[in-house]
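Pasting a structure here, questions to come.
The first chain written gets the first letter, and so on, giving A, B, C, D, E and F; residue counts start at 1 in each chain.
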Amino acid sequence: MRRNESLLDLFLELQTLDRVPRTGYVLRGVSEPESVTEHSWHVLFLVWALGARIDGLDVAHAVELALVHDLAELRIGDLPRTVARYFPDGAKQAAEAAALAEILHPLPATAPALYEEYRTGATPEARLVKACDKLQLMIKVAVYEGWGSRGLAEFWGNPDNFPDGSFAPVRELFEELRRRRAAAVPAPEAGESV
Amino acid sequence: MRRNESLLDLFLELQTLDRVPRTGYVLRGVSEPESVTEHSWHVLFLVWALGARIDGLDVAHAVELALVHDLAELRIGDLPRTVARYFPDGAKQAAEAAALAEILHPLPATAPALYEEYRTGATPEARLVKACDKLQLMIKVAVYEGWGSRGLAEFWGNPDNFPDGSFAPVRELFEELRRRRAAAVPAPEAGESV
Amino acid sequence: MRRNESLLDLFLELQTLDRVPRTGYVLRGVSEPESVTEHSWHVLFLVWALGARIDGLDVAHAVELALVHDLAELRIGDLPRTVARYFPDGAKQAAEAAALAEILHPLPATAPALYEEYRTGATPEARLVKACDKLQLMIKVAVYEGWGSRGLAEFWGNPDNFPDGSFAPVRELFEELRRRRAAAVPAPEAGESV
Amino acid sequence: MRRNESLLDLFLELQTLDRVPRTGYVLRGVSEPESVTEHSWHVLFLVWALGARIDGLDVAHAVELALVHDLAELRIGDLPRTVARYFPDGAKQAAEAAALAEILHPLPATAPALYEEYRTGATPEARLVKACDKLQLMIKVAVYEGWGSRGLAEFWGNPDNFPDGSFAPVRELFEELRRRRAAAVPAPEAGESV
Amino acid sequence: MRRNESLLDLFLELQTLDRVPRTGYVLRGVSEPESVTEHSWHVLFLVWALGARIDGLDVAHAVELALVHDLAELRIGDLPRTVARYFPDGAKQAAEAAALAEILHPLPATAPALYEEYRTGATPEARLVKACDKLQLMIKVAVYEGWGSRGLAEFWGNPDNFPDGSFAPVRELFEELRRRRAAAVPAPEAGESV
Amino acid sequence: MRRNESLLDLFLELQTLDRVPRTGYVLRGVSEPESVTEHSWHVLFLVWALGARIDGLDVAHAVELALVHDLAELRIGDLPRTVARYFPDGAKQAAEAAALAEILHPLPATAPALYEEYRTGATPEARLVKACDKLQLMIKVAVYEGWGSRGLAEFWGNPDNFPDGSFAPVRELFEELRRRRAAAVPAPEAGESV
């Protein structure tokens, strides 16, 4: 796969994003886990619904950032988090930027710039998308636990998974989620796997 | 399930949209078919990418319409098209509106209005979302055929599945898709199933 | 899809019932859930095995009712229970009757009458099929919980899911099932999901 | 697993039949293939619908035979046909009878007798169930081919898979199925796999 | 399927081993269970890693035994353990030997001899493969329990599933596994299914 | 995930390799594609069966190389081939070596050396494993095409996928495979996807 030369090539390739499962769930035994496409939709919905509650935030712009934030996974896959240990600093981000430029080539030049803005967290909109990316992760983890998954407890023990608390609506939702989960799961946050 | 009373209830319920498969594919033997969430994301991306090429269109508004256009399927399911033969006129639309109002209750009152605008096709933005809804269907059908599905030929024979041609970028993409498919599939549009 | 005009059309269409999953399980995160075909077979077996223990019941006739009781789902889907909130009274039943008449058209006129008898619960045989429809639901819920599903507790809290107790063999089985489940599941009937 | 001692044990065990896929499809790469439960339901429906067209046949009795005909697969699995080459004559049948007696123990003594009648083909009803067992196989093969499976051509080349033609309604349906398939599949009955 | 006459036939047939799921997991509701191929790889890895810690053991030879030990399942299926109750003594083993001879025909005559050595447990290498076959079973059971399966408790209650303790590295690993599982699972070894 | 400190940690982690699907198939719409574990087993079997036909080759050593050759995918994933375009030269190989060292830490120091030997192709045994890695790919592609996949034609058009022809038994098998496929598939090597 090279640079997409037509819009149709781009749209056809995007359909395969549905077949890229979120690796963190796969490796912890979740059946029929969320695809990257599904994750992206939920992040986008969160950004839209919560962005409206944040003063001065450009919601339409944040939605655009959310639309492109995970597309590089089409060509790089949804890398497990451990990958960061094994690649040189910045290699993954550089690869994502390069892949994205080839994928989105038929779109106007603003598309890669959106990714860059997201990656660097340069604006409040970018930071909101990042926060919603994590909030969605923890919401889904809670849903899978409610359905019977027992291999996800470690997510609650690692603050790297928690959304940055600088946006009040995000912070409040996450706190409510943690409270509910603590009430629902017998031994919250204990590692219960072998 | 009743009216969602908190944002968290809404976000938790939305996660289950990933488990609602698109019925048209299921009944034609497509394995691991697209979920409603995945369909929604692809429609949204099309609206965003193509809307920018249409003079005078409010892309951010069209994106919002796309975000809510299929959410009622959370509680009603993705009804097979044949359902229209068996329910009284308008019953499905009324049910969708009622379900949507309960699902989206924690959001501002504009959300059901977005759905109403979409349903009635009252604006160019609503009509673009409807056109992209069908364009995405036919793109996905082509992808599934390219992967080996043989039960989808009838989609190409029924103009009800085709996007309304009043937006040039949509029309041109769909024509290019039909040309490519005709070149790729030996006996295009022939019914080849038993 | 229209009226089936030949027996072969009917038998071919029926095969797709295997791809219609039971929506109640799908939306609660059960993996690889029962299809409508599977549900139908189990109801039928219950009717046959339990009907023989009920004085004066015409088992062969009850078996026929069980055979047709869910076929409309071929064209309408397995609607989530919430649908009842959103459609006018009786709309779903009328739609099912209309769909069934078209599906079963190649069979003698008795087939739709069987569905009508089932739907109205006009005979002891129809009431037994309805009771076994619910008994099978609760047996399957118990099996899925035994396999690890944690999202099904609400079924045990809603008496609408329980089989009507007027047939002693059904009632006794259901009571035994509840006792076993209460002994097996730590906090029976508590809502444990987030 | 031993002898089922209660009806509830029996009904609980039967639910697992949904997880036993039909091996012939699995080994030829059919995705999400029919379960034994689904096969059983379809055979039963064929017996009921076609039995009514055969003079003098006891349909209710034939339906009972169909209900029990595959239950031994709960404990023995759906053995691939090649197994017959490797076990002594009659070993599989004896094993099925022994398994069935233990599975169905809570039912009256007639249940194993039904299986014996089926196995030996001692009555027209038993022969009709056997014929429908094969007719259903070939109908499903045609459906899977219509959906895209290319690994099933050999089924059409082996008359052992064809239903015995002594019942006119079965014979006519099968001939119609073959005609349609020959018209639909470019190179019928040619082995097209590597 | 008959005797493989060429190496390519053999290699093509072997690919289908990926579609044969391990029946013990299927019947206990594990989603997406291990295939026979996967089981074989893990046994092989255990044999290689542990064999090196056993004085005087011929690791390369043990690895060869592990490579062929489950291949008969290609044609016989992964029979549920209950099968032993229903077939005459030795029938399964004789069938496996016959199937294996036909599958492996293109290989030198040593291949069936490897299976025979494994089956009879005639050498320390064969006994190590048998021990690792069971150790892998219990490791996988623990992994599935850690992911949420609740239907596997009975495995821990039946010493037939435990690896023979005559090899110290196997025994020590299994004891460590049991200790960890007892610490992780609230009520170890209690039957918690309905 | 860090350095495995005990053999049990290693064996538990290895079980998750079954959930890592081979990305090349996933992105081309193959349903239930081969896992990395399954791929590894088949490569290993090829190495064992073909190595015995190559003069002077140390088969036991080649088998060991095959055992470790893909384990880094546990922590890095099965990266799509396009990744090579986006990462700096050698970054993927360095990451694999680092991941492997942490995964295999409880094993003797020879394990990472085996991977290094494989990676660099320093010995005939390493080159045979590499050749079998590709031969297995093309065998599986042919099997999936035989089952109905239509999205894999491009594999036959890219010689990078073909096994190096310096080992006669590998070369001959691959040539036989190509001949059979050309005879089986109507328009061999033509790109038939949209």
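We take it that a contact is a pair of C-beta atoms (placed from the backbone, for glycine too) under 8 Å apart; a residue touches a chain by one contact, two chains touch by 3 or more.
Note that the structure is a prediction, hence the values are computed from the model and not measured.
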Set of chains whose contacts include both subunit F and subunit E: A, D
C-alpha-based rotation, subunit A on subunit E, 0 to 180 degrees, nearest 5: 120
A-F or C-E, whichever has more C-beta pairs in contact: A-F
Chain pair repeating C-D, as identified from B-C, A-E or E-F when over half of the contact pairs by residue number coincide: E-F
Chain centre separation in whole Å, for subunit F relative to subunit D (CA means): 39
Whole-Å gap between the CA centroids of subunit C and subunit F: 47
Contacts with 2+ other chains: residues of subunit A: 12, 16, 19, 29, 31-32, 142-143, 148, 150, 177, 180, 186, 194
Overall pattern in which the protein chains touch one another (line/ring/star/complete/other): other
Which chain pairs touch, all of them: A-B, A-C, A-E, A-F, B-C, B-D, B-F, C-D, C-E, D-E, D-F, E-F
In the complex with subunit C, residue positions of subunit E that touch it: 28-32, 148-151, 186, 191-194
Of subunit D, residues touching subunit B in the complex: 31-32, 142-148, 150, 177, 180-181, 184-186
Footprint of subunit E on subunit D - complex, ascending: 1, 12, 16, 19-20, 23, 26-27, 29, 75-80, 82-83, 85-88, 91, 94-96, 98-99, 102, 194
Contact footprint of subunit F on subunit E as seen in their complex: 6-8, 10-12, 14-16, 18-19, 32, 34-35, 37-38, 40-42, 44-46, 48-50, 52, 59-60, 63-64, 67, 107-108, 139-140, 142-143, 169, 173, 176-177, 180
